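Two complexes come next, and they have one chain in common, chain A, joined by chain B in the first and chain C in the second.
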Partner chain A sequence: MRDTLVRADPRSVRQKPGRSQLIRAAVVTVLLLFTLFALPQLLSLYYIDTMTQVAVYSMVTLALGVLAGRVGLVSLGQVAVLAIGAWVAARLLFATTQPYPVILLEAGLITMVAGVVTGLPALRLRGLYLALITLMLAGAITVVLATVNFPNGGHGFLGYNGSLVHIPPIRRPSIASNDPAYFRYAVVVAILMFLLVLAHIKTKPGRAWAAIRQSEPAALAAGINITLYKLWALALASFITGVAGGVLAGAVHYLYSIGFPTQDSITLLAVTLMGGVYSMWGAVVAALLYQFLPALLNNWGVSADWLTILFGLGVLQVLTTAPAGLADQVPRDLARLGRLLRRRLPQSQGQTK
Partner chain B sequence: MIEVEGLTVRYGGVTSLDDMNLTFEQGTCGLIGPNGAGKTTFFNVLSGFVRPAAGTVRAFGVDLLSMAHFRRARWGVRRTFQTEQAIEELSVFDNVAMVHEHSRLGASTRRSDVLDAIGFTGLDADAKTPDARVRTLTAGQRRLVEVARAVVGRPRLVLLDEPAAGLPEAETSHLGEVIRAIPEHTGALTILVDHDMSLVSACCATTAVLDFGKLIASGPTAAVLRNDDVIRAYLGVA
Partner chain C sequence: MPPWSDFEPFIVSGLALGGVYALSGVGLVVLYRATGVLYLAFGAVGAMGALIAWSLGRENAPGWLTWLVCIAAAAAITLGYGLIFGPALAKRDPLVKAVATIGLTLVLYGLMDLLWTTSGGEVRSLTLPSDNGGFSVGQIQVNWTQVIALAAGVVLTVGTGLFLRYTKLGTAMRAMANDREITATLGVPVRRVEAAAWLGCGVLAGIAGLLLADLVALDATTLTFLVISSLAAVLIARLRSITITFAAAIVVGLLHDLLTPIPSLTNYRDMTPFVLAAAALLVMPRRQVMAQSREEA
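After this line comes the complex of A and B, so read on.
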């Protein structure tokens, strides 16, 4: 039977990047160059700080996207994981003189271990129960952090001294001590995290996650160790969030447990869903919604409380009309609009003649 | 060769497989019976999705039940599903490659093995299909993707759960050709569950019949299909 079939030339399969892939790569490169070099020149310090936060939270929403979009695990505790990363990085930054990238790596790895250990029992659960467990775990971590406090240059294991009058700021890398430079630094770290996720998605773990999300029986039938790959996703998400915590520590200089409320995890999941959990652009859109939009409203004198309503409506809109989020919906609808205009324009030109 | 002895599966108070004893030697073998007879449960036991209450299953001399489910697939137990389960967001190539990369086979032959499996099912008749995402394929092509996943590398046991369900005649005919060629192409013992008796007759030299979890007949397909118990329980009188 095989001889009667016209076989595809094996060399032609999966070898050449398509034209659309090249265009996409060019667009991404231009956007990144603009973000790194032009944006800090164009923005005020207020918006540079805001965009640094966008870079930080794009990593957190990226991690949430890995969990929810790739494996189907819903986490309502990501802000607590971010707090762990920030705590570890702050402690190491006060206690050691290690280079900043090493600190970020250590913060990511320690958060990864903490995330996997706390998330391990939750792996047997799915859906609502998993979300509830992660929320409760986040609550517990927030309570512990409120008790031990963030390091402020004190001594001992916790590095906190409540009687300090002059609290030293958490240091930044020497090459990125001012705000524009630190923004660039945060963007570069975020790019590395996005590349890390991309490297996973395009290879063996990404295929295994796709199988697990669609059908666990099909994944098992393909020989995929589901527990291992779920743990892998959890470890990757925790690592990225831990690194984001490290970048956040340097960005804000001072950390307080009140800055990591448990309910922020819910908002974070909402914006991640709105941005789109299946695409990496969705993480960027989500971070802009989460950090840039409140800053913009604040600058205009509008209360950020309106965002709670806006995000509620946004999630409703996304869940009913665009499960892949704004990152998928907006380009698709713009393309439709373009086609519609192209169809209408020749007609109207014909009528005027 | 697969030898099943005293296999019993219970879901609460319901006995889905009742002291099943069965031996399939080689080639493509049929497993038929009315809905709820226990055919898919039998496949689920072989795949490791269901733990039996009693019994043993030996495949090519190996105690299958002692293996973890995902290890069974790596060892060579492959299957398709009643409701087709090809991974929609991946390409045809990646769907098949995924099975290969989780098997015990090395990466050096992956590309050629995957293309060979895709070619075996005829999915490469259009050169663009291997790179196409599964969600863009027809129902028949998606069934073939599942078959390609089941035959890639070195399967030992290929379980096909109603692969022709809902397919038009032309696609069923092509699928039948593919199924008949599996044992020769891969050396695997193939078990076909289907309600299409012409497909079972065309593909299977040996067939077993389940009814209410009990094996009521087994042997050469033509003889089994003439068996009075089988006609009474499943086929009906024309």
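After this line comes the complex of A and C, so read on.
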């Protein structure tokens, strides 16, 4: 309901966008242009692949962030949902010659149905139950995938043929067949998903979610259909994660069941909380933590277990002292540090002036 | 459908597994009722204890000492977490408290992977001396570990029930489950009661870790996520009744193992907790659900 309060303020009703908003828009535009055009030229193939993964996982952390930050729901099984999206997309990519965006849409929609069906029984209850049932879903999907396997060009409903010698790679869109092009493709899809979420937050569902997050009884009293809007958030999150799964399928060419272990779901929630769930920047930070940092450490020969420990400590730190995550904390702490430095060094500042 | 005789050995192993799930579930429910924390690190803590015991055993420490160390380590980690983060998060939503224990899970998981690395292909195992002895019922071989597992589940469920009903500490815990603030006003040392609940839960985690390391496998990932089976039982009991938790845990363990001889389902048997919990959520009467949410709102 915060949005309505802002709108009620007469000064902000018919004002041109403020300076800070213009600066923010400019920063976002420059960053996006840099990511799309300069980054693939600057990075080695190893880091281009890593950044493609970052783009994919930023959608997943975005979905988790919408659930946790906007509605107050926690999913401990988002990697399972991602696996469903990847599976559906891979199956459709092998079975049909439909264009890639159509496949992504279909993967998103089918995953959405799966996610909603799983979450629906738990939505009548408090958030803890959804967290538990999704954790169990994560465990269950791992089991199913180990048996069913990802499609590898075989026939039948499952599309898996264990005796296949030459496994065909999962195809990519024709306009993005090489790695830098596919990276750009993944970033564009991610941008579309971020815009989709933004469109939700700025309109009626976003306001309903804000009311539900602050107080369910109050939201109920205000005539908000709580189950509907929770379901809506769950559907949106599952859709986005399904689309991300579709992008992932093309990015890696070959999908294996061991790529979606149960523990990744909880790690993913941890980085999402660390990145920050109240701002969309948090999703980008979280994806960088989740994919870029391990790639960097791998390059340096440091064990990824240290990261797991770091993420665990990060969750505890975020929950006890900084609920808005790194996306909020770092700029604030930097500003504070700046103020501190200015106070400490009044003379040097005077000299520069 | 395989003949009945194929199922018989799995009744025993299922009951043993159910017993351990039951004692884990009881620990989880009691801690949740007393402190509002759903302890998702239960499995990881047990795994940590079991791995420490394994390392001690390799240094030729006597068996009883390794078991004690396993339980003590699990209890110490749990109590330490409870003392540090319990008060810090006391006023937060149960969901936040549960997610915070995910942080502990990740820390322990990372440590275990770092210290007892699995990359070498080394297979660890923890065997209790009770594995060797046993008796047979008809055609079925039963070893003492399985008996201990089921007995521990039964004894701890009944014992916890009696403890909550008849002791001063148990009454205080039940009071805190109802209302923490009012209980504090009545002069109950809230922090101390909570610490007792954390300690008890940690001891149970250690026992469960020891038994599961013997019954299932000594592997950090497996043990960490075996807590899912207990969570299913806890969820079916709606985080409240320890009797229902016990029954549900036995059903989860039994059903899981009874699916093993059926060829078409054997690969899917690890889905048992998810399927049972989802079904329970579906049939959970709407009226009770509403009453509960009003009570907890």
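We adopt the following convention: the second predicted complex is superposed on the first by the 330 of 353 C-alpha atoms of A that agree within 3 Å, B and C clash if a C-alpha of one lies under 4 Å from a C-alpha of the other, contacts with A are read in each partner's own complex, and residues count from 1 in each chain.
As a convention for this text, a contact is a pair of C-beta atoms (placed from the backbone, for glycine too) under 8 Å apart; a residue touches a chain by one contact, two chains touch by 3 or more.
These figures come from a predicted structure and were not determined experimentally.
> Could you say whether A:T320 touches chain B, chain C, both of them, or neither, answering first, second, both or neither?
second
> Quick check on the superposed pair: does A:V74 touch chain B, chain C, both, or neither? Answer first, second, both or neither.
Second partner only.
> Given the touch rule stated above, what does A:L289 touch, chain B (first), chain C (second), both, or neither?
neither
> Can A:N225 be said to touch chain B (first), chain C (second), both, or neither?
first
> Can A:I110 be said to touch chain B (first), chain C (second), both, or neither?
Neither chain B nor chain C is touched by A:I110.
> More residues of chain A are touched by which partner: chain B or chain C?
C
> So in the superposed three-chain picture, is A:Q214 touching just chain B, just chain C, both, or none of them (first/second/both/neither)?
After superposing on A, A:Q214 lies in contact with chain B but is clear of chain C.
> Under the contact rule defined above, give the chain A residues that sit at the interface with chain B and also at the interface with chain C.
Shared contact residues on chain A: 217.
> Spell out the part of chain A that touches chain C in their complex, as residue ranges.
Those in contact with chain C are residues 72, 74, 76, 118, 121-122, 124-129, 131-133, 135-137, 139-140, 143-144, 146-147, 216-217, 261-263, 266-267, 269-270, 273, 303, 305-316, 319-320.
> Would you tell me which residues of chain B are touching chain A in their complex?
Counting only chain B, the residues touching chain A are 47-49, 69-71, 73-74, 78-79, 81, 85-91, 93-94, 97-99, 101-103, 111-112, 115, 118-120, 122, 124-125, 127, 129-131, 149, 177-178, 181.
> Quick one: in the complex, what on chain C touches chain A?
38, 40, 85, 88-89, 92-96, 98-100, 102-111, 113-114, 221, 224-225, 228, 231-232, 235, 239, 267-268, 270-271, 273-275, 277-278, 281-282, 284, 286, 289, 292-293, 296-297
> Mind listing the chain A positions that touch chain B in their complex?
Chain A reaches chain B through residues 1-2, 5-10, 12-14, 204, 207-208, 210-211, 214-215, 217-218, 220-226.
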